[in-house]
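There are structures below to look over.
Paired with chain B in one complex and with chain C in the other, chain A is shared by the two complexes that follow.
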Partner chain A sequence: MEQLLQHLLNGLVLGGTYALLGIGLTLIFGLMNLVNFAHGEFYTLGAYAAFAALALAGVNFFVAVLAAIAAGAALGALCERVLLRPLRAESIDTTMLVMIGVWIAMQNGELLVWGGVAKSIPHPFPTAPLVLGPVSIAPLRVFVFVLAAGLIAASYLLIHRTKLGRAMRATFQDRDTAALMGVRIGRIHTATFAFGSGLAAAAGALLGPVFLAYPSMGDLAALKAFCVVILGGLGNLPGATLGGLLLGVAEELGAGYVSSGYRDAVGFVIIILVLLLRPSGLFARQERIG
Partner chain B sequence: MMGLARGLGALLALTLPFWLADPYFLHVVIMAGIFGVLALSLNLLLGYTGQLSLGHAAFFGIGAYTSALLTLRLDWSVWPALACAVAFTALTGWLIGRLALKLRGAYFVLVTISFAGVISLVSVNWMELTNGPLGLPGVPAPELGPWSLRAKSAYYYLVLAGVTLSYLVCARLVGSRIGRAFLALRENEPLAESVGVDVTHYLVLAAVVSAGMAGLAGSLYAHYTRFVSPEVFLFTYTVTMVVMVVAGGKGTLAGPLVGALLFTALPEALRLATSWQWQMLAYGVLLVLLVFFLPRGIVPALAAWRERRAP
Partner chain C sequence: MLKRWVPVVLVVLLAGALLTPAAFAQAPVKIGVIQPLSGPVAASGNYVRMGAEIARDWINARGGIGGRKVELVIEDNKSDPKEAASAAEKLIARDRVPAIMGAWGSSMTLAAMPKLEEYGVPMVVETSSAASITKRGNPWIFRISPPSEMEALGLERYVDKLGVKRADFLAVNTDWGRGAVGAFGDMLKKKGASVGAAEFMDQAATDMNAQITKIKATGGDTLFLTTAVEQITLVMKQAQEQRLGRKIITTGGSSSPTQLIKQAGAAAEGSYHLLFFMPWFPEAMPDGKLAKAFVDEWAKRGHPFEGLTEGFRGHDGIATIAEAIKVAGKDEPKAIRDALWKVRLMGVNGPIKFDKDGPAGKESGQSKPSIFVVQIKDGKVALPDFLAKK
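On to the complex of A and B.
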């Protein structure tokens, strides 16, 4: 029982960051109809940006996470503007191949800059775990979960309370009508991609100190993001949030009770089962943003 | 003119080990041939039925492991093991095809990736069968009567036979009624269905043939490198196949082979010029540029250029 509680807690902490990754991807996938294989690379970018800010510039943790978000969003905006906007009329296969190219180039660029050795990201939190009755948790993980929850809440506010968010929802529902109503689709796409990439970078900056930063860390992250999107349904924000938490818990339980070697198989199996049995996602009544 | 070029090409291919005796270049050519079979296999799905499988490395890996396990654990000789690898991979192609081909577009892509991911993890974790990450060393080289095909110059002919066979199967399939059904499905699925094309039947057929060919490539790879590890399932292999097909020209017969030659030779040429990391970086950038400027691939672009030049 205690073991179960501990697994659930670990799963929720992990799931918070998966939710961040998933929200970013579900917006990009749903709104831009883009299978973004480079999503994990923005996660890696976030981890290395946090490493640069913390270990090299010596700023505090909050500032490092903000710097990572800024770096991810800026590079995301650039990527959308230069590569994706000219290809907007092309098929989904074409843009997907371009994103595979971006993924390979970014990953090897990171390898070139930072080297292949995994980097441990320093953090200011004590390493002694907090003991709460039957379970214990590292203070860093508490911070990661709280910040992830804060960023998820901020995403909701952005989508539901701002003018930009309304324009994004309109674009998702019907791009042509939205354009006729004066929404500048190009800008919405840039903003969406920058926002989604920023969230991925935030997830990287948060999980980087928990694990390690290395150039290929984004591969599995991208896969998990896809898994969350599929669980939650395309463009479904609450779905992605729940899906992220669910994936985190499922992985912890799978690793704890089945075999730790198959931890990463949980995501794959979920993708296969959900797509074959309930393709619109677990939580979807219909595909829409918000 | 065309006939002359073709005859010359065949002559060059048949005599290659005699004028290109350097083992390094022969190795590059053999790998290009193995990737040529893989690219032909992926092209059958991607180019002719329009379904992008990003799990193709799984079929390559299953072929390699089947062949390696049969020869190592059950002491089969290479030829039946090779046949069995093709048959078994085709069977998995049928199974995965039946399940995954209910989906289209991005969702089909994701399911194929996931299947490949699961199979790859099994190859790492099922220690008793696959020896895990350590891999299976000592896979035997094939023998033909009294002669061993272990030398690169001899193995080259085996690979050449594999490429030719795969090419002929593709050409025969594409030129037949079945190929026309594939194209109809690619261009407009509801319309094809309305004139009586059995969608699932033809798509699964394409998946089975494609998987079998990838299994052949895997088996050829296993008996060539004589070592199989979970690395055969790397996503990089799938990406390489996609790049070869798209760059060469999807939906053409020659495209995948052109792409395979080019994109096996290109990293080697880049390797001579720069360090390893720059090589992969340049590879990614080249892929982006290629999709940007030649979205339909080299062979169709060449064909269009020739038509423009000689009206």
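On to the complex of A and C.
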């Protein structure tokens, strides 16, 4: 029982990080219909930006997280303006190939700048675990979970309750009509991509101190993010959140009670089942034809 | 009249001066190197490369091999077995190297091995621990690192002193990790200790909480941890978060205790590490002078101290191949292979000499490296109490 409680707690905390990775991608992949293979690299960028701010510039941890988000959003905006805007009329395959290029370029750039040796990102939280009856958890992970929940809630409000969010949804539902209604399409594209990239960078800045920062850290993160988006349904923020939590708990229980060697396989088995039985995602609502 | 000729004469003389050494110097002796220079275990691979470069420079400073300079042709296997096979193919077919050192991880080495047999080029294995590497009947393989079985035997005499009664395993899900779990498990059972959980983690995994929770439930006293330093750091931190409270012993020699002290902090306190080089006490190594010189040269080049426990492998591997080329008298793959059997050499780790291993008629070479145990005590690397008192 004690073991089960600890597994569930581990799974929820892990799932929270998957959800955070997933919401940024679900905006870009789901709303913009852009297969963003570079998502994991924005995550890596966030971790290294936080490392640079903390270990080299010596700023406060919270300032470092904000700086990482700003760096991710800025590079995301640049990427959209320079690489994706000229290709807006092209097919999804073309932009996918461009994003694969961005992925390779960014990962090798990180290797060039930071080297292959993993960096440990300092954080101000005590390392002694919080003991809650039979289970225990690191204070940093509680903080990350709470902040992830906050970011997810803020993103949801932005998409569903603000004018900018309405313009985003309108643009990706029907670009021409939105343009006729006075929405500035170009800006919305840039803003959405920057927003999604900023969320990925936030995930990197928050999870970097939990784990380690190294150039290939984004590969696994991107893989998990795609899983979460497929589980939750494209462009569905609550879906991505629940999908992330589900994936985290499923992997944890799979590793705990089936076999730790097949931990990642558990996640993929669920995805195959979802694609077979509910191809639009576990939490997809009835599709509205716009 | 003469004035007009002066520049021409000068140019000819200068060109002659520049060309003469090139015309008379012999082509360099090429040695191929396959290491993970990017990907999850990139740090280790880069340290091995740095050690290999020290060996190359030392050999060249002493006049090279028979007057010919040594040149390393270095390929990145990206911590990926598929890439290791293609790196071997490229080194042999395109760069025409007569011998290779590589390929760090057991899965990477195993993937490169068929290429060695196909083309007939020897490879000195500097890091990999899986037993199968020298058991497969590949006569082009010469290993200077200990297989997990040899490492387990090296630890056997300390099992009682370490107080291992109930052990659990957490290992990377590769040929190396799975091999180590088997080898150490067998040794412990022979010593009368019981073995609880054997858990695995993907090479790129970062969250090992599920495995740790499972291990915590077995009620053992010792955790054997087999993976590279990045994952050891994460496991130690996560074990501390879950109050695992076990004695941790790392195997495979890739634990880099100095880096652990820096990155895992208090979580690494008290842990034991099986190593093949002790740069903290070079004088305690079989050849104290060579070990000291290597440590000093490493520092002079500004390489990080924590890389030394990997870096020496690169030195010993290249020194072994260079010695074999010297014995063979030519840089031809088959001659080097035959000469490797005759190599007697003092490396940073200790004496290097190959014994036959694997099926008769197609034996691989296996050296018997020295094995050491250190402990992290009060944030420093020290000999464990049971060794220090002697």
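Note that the second predicted complex is superposed on the first by the 286 of 290 C-alpha atoms of A that agree within 3 Å, B and C clash if a C-alpha of one lies under 4 Å from a C-alpha of the other, contacts with A are read in each partner's own complex, and residues count from 1 in each chain.
We adopt the following convention: a residue touches a chain if its C-beta (ideal position, glycine included) is under 8 Å from a C-beta of that chain, and two chains touch if they have at least 3 such contacts.
Keep in mind that this is a model prediction, so the values were computed, not measured.
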Overlay on chain A: chain C relative to chain B, clash or fit: clash
First (chain B), second (chain C), both or neither touched by A:F226: first
Chain B versus chain C as contact partner of A:G261, first or second or both or neither: both
Touched partner set for A:V98, first chain B, second chain C, both or neither: first
Partner chain in contact with A:L83 - chain B first, chain C second, else both or neither: first
Contacts of A:L111 with chain B and chain C, given as first, second, both or neither: both
Touching partner for A:L14 - first (chain B), second (chain C), both, neither: second
First (chain B), second (chain C), both or neither touched by A:I271: first
Which superposed partner A:E251 touches (first chain B, second chain C, both, neither): second
Touching partner for A:S120 - first (chain B), second (chain C), both, neither: second
Overlapping contact positions on chain A, where the chain C interface meets the chain B interface: 111, 219, 259, 261, 264
Chain C to chain A touching residues, read off their complex: 37-40, 42-43, 45-46, 79, 173, 199-202, 204-207, 209-211, 213-214, 216-217, 230, 233-234, 237, 240-243, 262-263, 265-267, 304
Residues of chain A that touch chain C when the two form their complex: 2-3, 6-7, 10-11, 13-14, 111, 115-118, 120, 127, 129, 131, 136-138, 141, 211-212, 214-217, 219-220, 251-253, 255-256, 259-261, 263-264
Of chain A, residues touching chain B in the complex: 29, 35, 83, 86-87, 90, 92-94, 96-98, 100-109, 111-112, 219, 223, 226, 230, 259, 261-262, 264-265, 267-269, 271-272, 275-276, 279
In the complex, chain B residues that touch chain A: 52, 99-100, 102-103, 105-107, 109-111, 113-115, 117-118, 121, 124-125, 235, 239, 242-243, 246, 277-278, 280-281, 283-288, 291-292, 295
